[in-house]
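Across the two complexes that follow, chain A remains constant while its partner is chain B and subsequently chain C.
Showing the complex of A and B:
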């Protein structure tokens, strides 16, 4: 029973950074079978931000600098840095260490990295909240994102984004209530087969294989769509319901339910299974695509800007995907600060 | 119910004949991308919510298999 409650900590601000370059779905032939209109209808994705000259850490650093400046935080007081991505700068060392230096944070800083995808923001939040809840350190940054095309020529879903979430110790704050789950038997539902230590890069890694009618090499991400779909529409609603039951909450308690931005059809099925009205479930998919682990903070920062800054807001968020891994978190914010979108 | 299923399938992939007695998955007529759309459309047309555990290729391999899936998930014949 992976339920956790972490008190005395709260989110005070969120910033997102994306490349300026907009890639419009209508301008691209998605593949031999689907034209752009069909693809937009099915996924809800009309455009994405892509620019391979930026890494995830570049985008996260820009978002963090903006948020630190907007909040007027003293960098020397930031003692926790959690970086979540599937696209680190290097295989080693940890990019979290590099970001500590790029942001000129104190060397008295806990910096760690989580290689998770779509569930990553929720998991990262639990790490940061755990570190801060005792009050021995007061301020932490959760940097989450992905900026990598997992299929060089055919990936029609992914949008690049880096986000920063500012978390601080706050005596008496209700904090976070979590439910987490993992099913590693589905590890190969979304996988890049080569490049790790199990299958190191070799000449055969670059040879094209036929995967579900597409030619791709073993350094590109492949997905068993049926398995992922089945997993998403069954697991996400269950996790949300489990979290509410365990912590004695109701969906009517929440102003917003933020789902990982997988695909409009999948998210709409989840929304309908939960009997949630459309106004409670905002989407950033249309403009920004599937931004992986960043999709929850991107949705909050781009779709709720102007709606949550000067009030108390109750959130329930669910991330689900590669691993297979999922997590639900419930929290409230008071006067949440949302930085203007940083475009680079 | 069969006619509604065939209409939904044909609207989804008009280039194929779904009245033929063939395996839609093995013949490449439906892929996972189509199944996502199909489930959404079936849910809405029949007023049901297909359980994720039922999202298996064999449940979408023919009109008859889809009909059984719908009935199992509460659709009225």
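Showing the complex of A and C:
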């Protein structure tokens, strides 16, 4: 029963950064099986932001700088930095340490990295919130994103994004209520087989293999779409329902339900299972694609800008995917600050 | 059974399915068709099946029998 409640902490602001370069599905799809229209219909993705000259940490640093400056935060007060990504700058050291220096944060900083994908923002939030809820540290940054193509030329889903979420100790705040789950038996549903210590890089890592009709090498990420699909449509609604039952909440309590932007079919099935109207479940998928762990903050910052800034808003968010790993979080914001989208 | 066969025929884009055939013997059977079938079993029958399971059946008839068995439980 992985339920947690963490009080006295709240989200103050969110910023997202993406590359300027827009990649349109209709221009870029390399697949003889489906045409672009069919692909857009089944995924809901019309365009994405891609630019391989940026790493995840580059995008997150831009988002963080913008948010820190918008909030007029004193950098010396930021003593918690959590970086969530599946695309670190190096295999080691931790990119979180590098970001501490790039942002010129105090050396009195707890910096740690969490290698999770689509569930990553929710997990990262639980880390940051639990560090801050004690009140000994007042301000923390959660930097989350991925800027890495699954496959070099044919990846049709992924959009690059780096996000920053500003979290603050706040005496008396209702905080966060979480439900988490993990099923490592599905570890190979989405996997890069080589490059870690289990299968170290060798000559054979570069040899092309036939994976579900596609040629790819063992350093590219492969996905068993059907397994991920059946996992997502069954697990995400269950996690949301479990969280609500445990904490005695109702879906009608929430202004918005933000789902990981997997693809339109998955998200629509989840939305319908929860009987939620479309206006409560905004999507950033159409314009920005599947932005991995960044998809929840990207959806909030691009789709809810102008709708949540000057009021109280109740959120329920669910991230689910690679691991397999999932998490649901419920929280409220008052006058949430959303920075303008940073484009680099 | 008839309703399920009709839905499978729609997914495979054929008039009628031959129960003795495997899903993979149909030209239209691919990962997108698989997703449609998983979604159908989930929404209309309340059954969660993953890709491996769906493709493990020797015939469409076996798949249908399994679905019927599970819906009766």
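Just so it is clear, the second predicted complex is superposed on the first by the 343 of 344 C-alpha atoms of A that agree within 3 Å, B and C clash if a C-alpha of one lies under 4 Å from a C-alpha of the other, contacts with A are read in each partner's own complex, and residues count from 1 in each chain.
To be clear about the criterion, a residue touches a chain if its C-beta (ideal position, glycine included) is under 8 Å from a C-beta of that chain, and two chains touch if they have at least 3 such contacts.
Because the structure is predicted, anything quoted here is derived from the model rather than measured.
In the superposed model, more residues of chain A are touched by B than by the other of chain B and chain C. Of the two partner chains, both chain B and chain C are touched by A:226. In the superposition on chain A, no contact is made by A:204 with either chain B or chain C.
Of the two partner chains placed by the overlay, neither chain B nor chain C lies in contact with A:28.
When the shared chain is aligned, chain B and chain C each come close enough to touch A:269.
After overlaying the two complexes on the shared chain, residue contacts for A:234 are found with chain B and with chain C alike.
In the superposed model, A:42 makes contact with both chain B and chain C.
When the two complexes are superposed on chain A, the residues of chain A that touch both chain B and chain C are 33-34, 42, 212-213, 224-226, 229-231, 233-234, 265, 269, 272.
Chain B makes touch with chain A in their complex at residues 28, 31-33, 35-37, 39-40, 43, 49, 51-57. Per the touch definition, chain A reaches chain B in the complex via residues 33-34, 41-42, 212-213, 224-226, 228-235, 263, 265-266, 268-269, 272-273.
Listing the residues of chain C that touch chain A in their complex gives 30-32, 34-35, 38-39, 42-43, 48-52, 54. Those residues of chain A that touch chain C in the shared complex are 33-34, 38, 42, 212-213, 224-227, 229-231, 233-234, 265, 269, 272.
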